[in-house]
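Chain lettering (A, B, C and D) follows the sequence in which the chains are written, and residue indices restart at 1 in each chain.
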Amino acid sequence: VVKVKGKIKNLKFKEEGKKLFNWAKASMPVLSNTEPEFVKERPFEGKTIGCCLHVTKETAVLVLLLKAGGANVFLCGSNPLSTNDSIAAYLVSEGINVYAWEGMTSTEYDDAIEWVSDKHLNFVLDDGGDLTVKLNKRKSQEQIQDILLGTEETTTGLIRERALLNEGSLKFPIVAVNDAMTKHFFDNRYGTGQSCMDGIMRATSLLFAGKTIVVAGYGWCGRGIALRARGLGAKVAVTEVDEVKALEAVMDGFVALPMEKAIKQADLVITATGNVNVVGKNEIKKAKNGCILANAGHFDVEIDVKYLNNFPSTEVRKGVTEFNLGNKKIYLLAEGRLVNLSCAEGHPPEVMDMSFANQAYVLRWATELKEKIKPGIYPVPEKIDRKVAVKKLSSIGVEIDKLTKKQKKYLSSWEP
Amino acid sequence: VVKVKGKIKNLKFKEEGKKLFNWAKASMPVLSNTEPEFVKERPFEGKTIGCCLHVTKETAVLVLLLKAGGANVFLCGSNPLSTNDSIAAYLVSEGINVYAWEGMTSTEYDDAIEWVSDKHLNFVLDDGGDLTVKLNKRKSQEQIQDILLGTEETTTGLIRERALLNEGSLKFPIVAVNDAMTKHFFDNRYGTGQSCMDGIMRATSLLFAGKTIVVAGYGWCGRGIALRARGLGAKVAVTEVDEVKALEAVMDGFVALPMEKAIKQADLVITATGNVNVVGKNEIKKAKNGCILANAGHFDVEIDVKYLNNFPSTEVRKGVTEFNLGNKKIYLLAEGRLVNLSCAEGHPPEVMDMSFANQAYVLRWATELKEKIKPGIYPVPEKIDRKVAVKKLSSIGVEIDKLTKKQKKYLSSWEP
Amino acid sequence: VVKVKGKIKNLKFKEEGKKLFNWAKASMPVLSNTEPEFVKERPFEGKTIGCCLHVTKETAVLVLLLKAGGANVFLCGSNPLSTNDSIAAYLVSEGINVYAWEGMTSTEYDDAIEWVSDKHLNFVLDDGGDLTVKLNKRKSQEQIQDILLGTEETTTGLIRERALLNEGSLKFPIVAVNDAMTKHFFDNRYGTGQSCMDGIMRATSLLFAGKTIVVAGYGWCGRGIALRARGLGAKVAVTEVDEVKALEAVMDGFVALPMEKAIKQADLVITATGNVNVVGKNEIKKAKNGCILANAGHFDVEIDVKYLNNFPSTEVRKGVTEFNLGNKKIYLLAEGRLVNLSCAEGHPPEVMDMSFANQAYVLRWATELKEKIKPGIYPVPEKIDRKVAVKKLSSIGVEIDKLTKKQKKYLSSWEP
Amino acid sequence: VVKVKGKIKNLKFKEEGKKLFNWAKASMPVLSNTEPEFVKERPFEGKTIGCCLHVTKETAVLVLLLKAGGANVFLCGSNPLSTNDSIAAYLVSEGINVYAWEGMTSTEYDDAIEWVSDKHLNFVLDDGGDLTVKLNKRKSQEQIQDILLGTEETTTGLIRERALLNEGSLKFPIVAVNDAMTKHFFDNRYGTGQSCMDGIMRATSLLFAGKTIVVAGYGWCGRGIALRARGLGAKVAVTEVDEVKALEAVMDGFVALPMEKAIKQADLVITATGNVNVVGKNEIKKAKNGCILANAGHFDVEIDVKYLNNFPSTEVRKGVTEFNLGNKKIYLLAEGRLVNLSCAEGHPPEVMDMSFANQAYVLRWATELKEKIKPGIYPVPEKIDRKVAVKKLSSIGVEIDKLTKKQKKYLSSWEP
């Protein structure tokens, strides 16, 4: 009998979770091919790893790889709505300690983070910074003194952790996995781009062709979303506060304009800015009847859900809330939470393969270091980043050119 | 108490069905805006309409409109797997006679068609030709003598009905709604294009970017699929037997080559040819490990499922069957049936709005004719077709240019 | 010494013309590969062919092929501005009778057509209908009695020739080469699409990315132009008078609206409608400062050049006329004539290869007919059309699938 | 009478040059709108500026702006083939000292750089580093002691200048204008992307649709080229030596593979790597008959022209050299030099507007500094970079969002 460590919905879902895990693993060749190495080397023998991650099939592939490498893993979710309960069940059945289920209350969500943060951790894997902030702000130095390293998966988490560093309260080093080339070039663009379309289609079943879609934010996520929305036949407008990004959107053939104007024409608005109230009361007032609002940012703060909640509402489809504003109806997806995770399955396994390979390799690298790293925010070592790319290319059978001696010499020998 | 006429899964699903119906109706403005006219005119008063259609939320909008126009409607499904049971329940609760549920056996499916064909019909709405063939081949002249008109929604159905005509056994006129400009330019291209992507994403959750996808057939459906697959970042190859279409695929920037060669590189194959064994034994033998097979054609004959069934199989995700061929694994979606209907919700309501508006208007037009039309295959009157386009444009707020007098004169007065 | 038959600018340009001819020929494999057959068969032995075609390097490949097949060819231009004088020179040096130069006056242009129409013709090749109209309206029955067949290359020409037919004055049969699948699917879309971009870039050197471009007309030409303008990074709006085409533009992700509104935002307008005054006085008044106007339609009637000529003008670059309207400047390309031919080199040889192969094969086919065809407008025989596609595919090394016996049987044996 | 200072082809071309200048200026609103400020402020009063830039219509707008700001400008070309002689004439007529003409020999080209470097310079504007290297390596400290600052426009130049810095021979500070966001995001991608297509179309007149095009290098230039080639309908393959960029190309839907394999299928190869012999002897041997080679990199070293010159050659069109390798013909554009500058007009004015605005603003900023900057490579101050973006957006009428107080607070106040 498996002893449930932590708290999940129901262990009986484990078979379903196993299938999902296997399916994801087959599309995560970088991590899969690393397993034999980890089994042999056991780099995490005796180490305890605390993870605050979306409990998805892809995360399962990562944490079971860490376990295969010798780690004792404690896992909580990084969002109250994003846990797949069958994956949680399967992980528990495989010896991972999990405290997460779909539909946690805020208190339960906080309890889960508390539960992980109370373990005697050596490594921290974070997605959004909730666990890292808790450890640095609410735990004693003694409790966290054996943490060698944390890693962070998101832009949002890094902003928070940089704030910790600036105010002098960051007590262990953080590696910004989010900033790895093989993470943010791929995960934020191709992953978010497609998975948002996927979530919106599942939630609404509506046609993109011929629609007017407004994308708020033209960072890597916004770019991916705008590209895929266009790829599905929509007319796409972009809103930005950054002049260079706005100009780039224009040159990419998109209309750029302020949200107040954009929303008047919008059939669908997707936010990906990392900021609050991007679609606020004023903007909602200008939206046309039937406008659909979706958020692709980490927190559910981009759309002013509080304002919408002043109006009578009803769930018209799973994940679609209709608000009756009197003169018009507005539809909100997933209560304003991450639409790709809440309405679909988050990033496809192929991109998480690269993000998570950075995580796994950074942890292994940290075990090999002679000295403890000082608190700070560090980039993923370029060697690791490139290794992930090389492994990915080889896993999909892509061969690339090599510099010849002559070419290397040329690059290093300009006339001067 | 609603008296269930026909046979459905369970009436208790009706509330769920009502929500889906309302959601679809809101995105079907052409049909919705026609309702007041039909309520007032009652064009179908005293008429019985037999429908063999996918029992989806969009179909519900059509058949309830026909009922609002006075019709007595009998509905069976046009595919054993495509019925939405909550829609069936809702339709029954609204007074439609339905004989359909998801997962019918072949015998049950045939019983359903038999059940509709035994009513005293005045109109026939068909999707694929099963009902029309049954009526013309298996029913007496007496039984079908009051059928004024049939309509057909698909290419496949029309091929079968033309065969009936050629062999002299077509006994009532058929209007080829499939061939209306506002149907096949839109439904087959934008509808199939997007809904196939939707079905494949829901079934697999995999990334399209960077994948090699092979589309079999470059008709309107294949064009839509290829366009959307590229729009999601895939490299797309096309197979064709028609030299002009193959050349068009090449000029559209796709690789064109025979399936035997294409499948060697394919991560995913999508068939949309209307023919048998497009991915047959020989092709499957050449597929690479992990290749996913999906069908977008009307019948489940395009992939050689029979051959695959020689190998051990397991359902690894809902709608995904893994076949272990020893040296490799092949994945089949939806047992080779229509992937957009089986794994997602079929065409989005916006395109069905136009297809079905053609249906509804053709039926109304038929009630206004002085004389009975002779058996034959007829196009949708251009006036109706254009009216659908005009109503659609106005519903989405698009204004277009009008010819000036001078321009009309110019067009009609070339020098000679 | 070559005796100049007809009238050209200067024979000394022939070497330049020969180079251009050779360059085009290398990219016209269907025609090139047909040469040995024609040389052997001499299908046009003793026949006189009158051609009214743009005198370009591609046309040179066609007419020299006809000559290689035994024909005596008389060639005039089909537009006063589109003749390449070096090609004209080369053709004369190779024994073709040519009456054309760049920059003819209207009278000279008419003289040229007169000159061809006075020969004793057996075949007529036309591009726009000027020669055909002249022959049918201005020449005696006796003079044209040996004309076996005419062919027409453009939509515009066919409209005029149908008008001749309707009024009973068409005296010989016309084959609508324009309507061949391997012509209008390719030439009008890919040819016009790219060559318009080419012409506009050469004339203006301006950036497309980020610009707002309005395309008038969403026929095959308009589609090609809109697609390529988007492919170069522009935001594209479409104007149409046909509701179905307007809807198609919307579904393809373009903005559709009336020209009066569209032109307010336009950096560039390109007309491709076949109608007059598409950009008329009212529209020009609403254009913004700096707006560029270009025409891609056959005749220079789509932009109201007459109205523009009320204002002071200056040629600011070759092919670019600036009109100073007081409150703003408007730029007109190529005096409102076909921008792809006037500012660049017309359709690329690859597409003309197919159009012209249809011409050449239709003429050969006509020599093989037992009986004279009656006056009327006829399609290119499908066999010829498909042969062109097959030859093109083979010339670029593309292999396609063949129907198996089983598949042929399936297509012909639906259940009924 | 204008006294020609320096050396140009012929002053009589000045009127043509004036037209070109005016045309470019109208599309360079950032620079144009800066003129009144410079005229008023005269920031360069008494300063001598040495420029080594492509002598194009856009460069004319920059150097005349500098002159309007009080500068005495000496200009030589940055490539022996890229000078527009009419622009050179116009500049001289306007008081700029120019030493450049189209088709200089290597010696003449070097003389020109020598001529500029011998002036008593205060600022240096460089494109490729030839002038900067000359000044730092061949001139005495005394001669260059009054140089306040140099700027560099290209990646290639910066590589060379970093080498100078590393070996300790860089004697004045360089601002890397190439690395400004408003330069390399736009100029290298949209500018190079379009202008290469333009150059290739002018040189060849061939169709892109359906062709197989290989792009060597997936940096900003390569990305732009690949995007536009696809936008014109080509199938595009990418070669790379960098694994992350190769992976990005794959995810963008391109085929990635080594040049040796890619060239076997290529109709056209475009190099944009900054390295030597990317298409070397081995690759050329594997090219198919008719393959066209073009270079988009700064130096004519990417294609092994020396190897090609072993074979008989002939110029078949302006800018197109045919090499007869016995078993096949290979076509080289512009002798392997920058195809966009040699066969078309280089970057469109709209992108040069931003690049050159960075140049002009950096120079003004340098005049305002209290202290001399030490030798080194410096970024463009972000404030200048953003100002260029703001001015550009406003010139094209694009309005963007502003952060609200609440949003600013949110960004700066994460929970910790």
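Convention: a contact is a pair of C-beta atoms (placed from the backbone, for glycine too) under 8 Å apart; a residue touches a chain by one contact, two chains touch by 3 or more.
Keep in mind that this is a model prediction, so the values were computed, not measured.
When each chain is reduced to the average of its Cα atoms, C sits farthest from subunit A. Interface comparison, C-D against A-C: more C-beta pairs in contact at C-D. Note on chain placement: the centre of subunit A and the centre of subunit C lie 54 Å apart, centres being C-alpha means. For this pair, subunit B with subunit C, the centres built from the Cα atoms lie 39 Å apart.
For the pair subunit C and subunit D, the distance between C-alpha centroids works out to 37 Å. Residue positions of subunit D touching 2 or more other chains: 190, 209-210, 230, 233, 250-251, 396. Residues 19-20, 22-24, 26-27, 57, 190-191, 193-194, 197-198, 201-202, 204-210, 228, 230-233, 290, 316-317, 320, 344-345, 348-351, 396 of subunit A are the ones that touch subunit B when the two sit in their complex. Those residues of subunit B that touch subunit D in the shared complex are 209-210, 230, 233-235, 250-255.
Residues 129, 133, 136-137, 159-160, 163-164, 167, 169, 181-182, 185-186, 189-190, 239-244, 246-248, 250-251, 256-259, 261, 274-278, 301, 385-386, 389-390, 392-393, 396, 398-404, 406-407, 410-411, 414-416 of subunit D touch subunit A in their complex.
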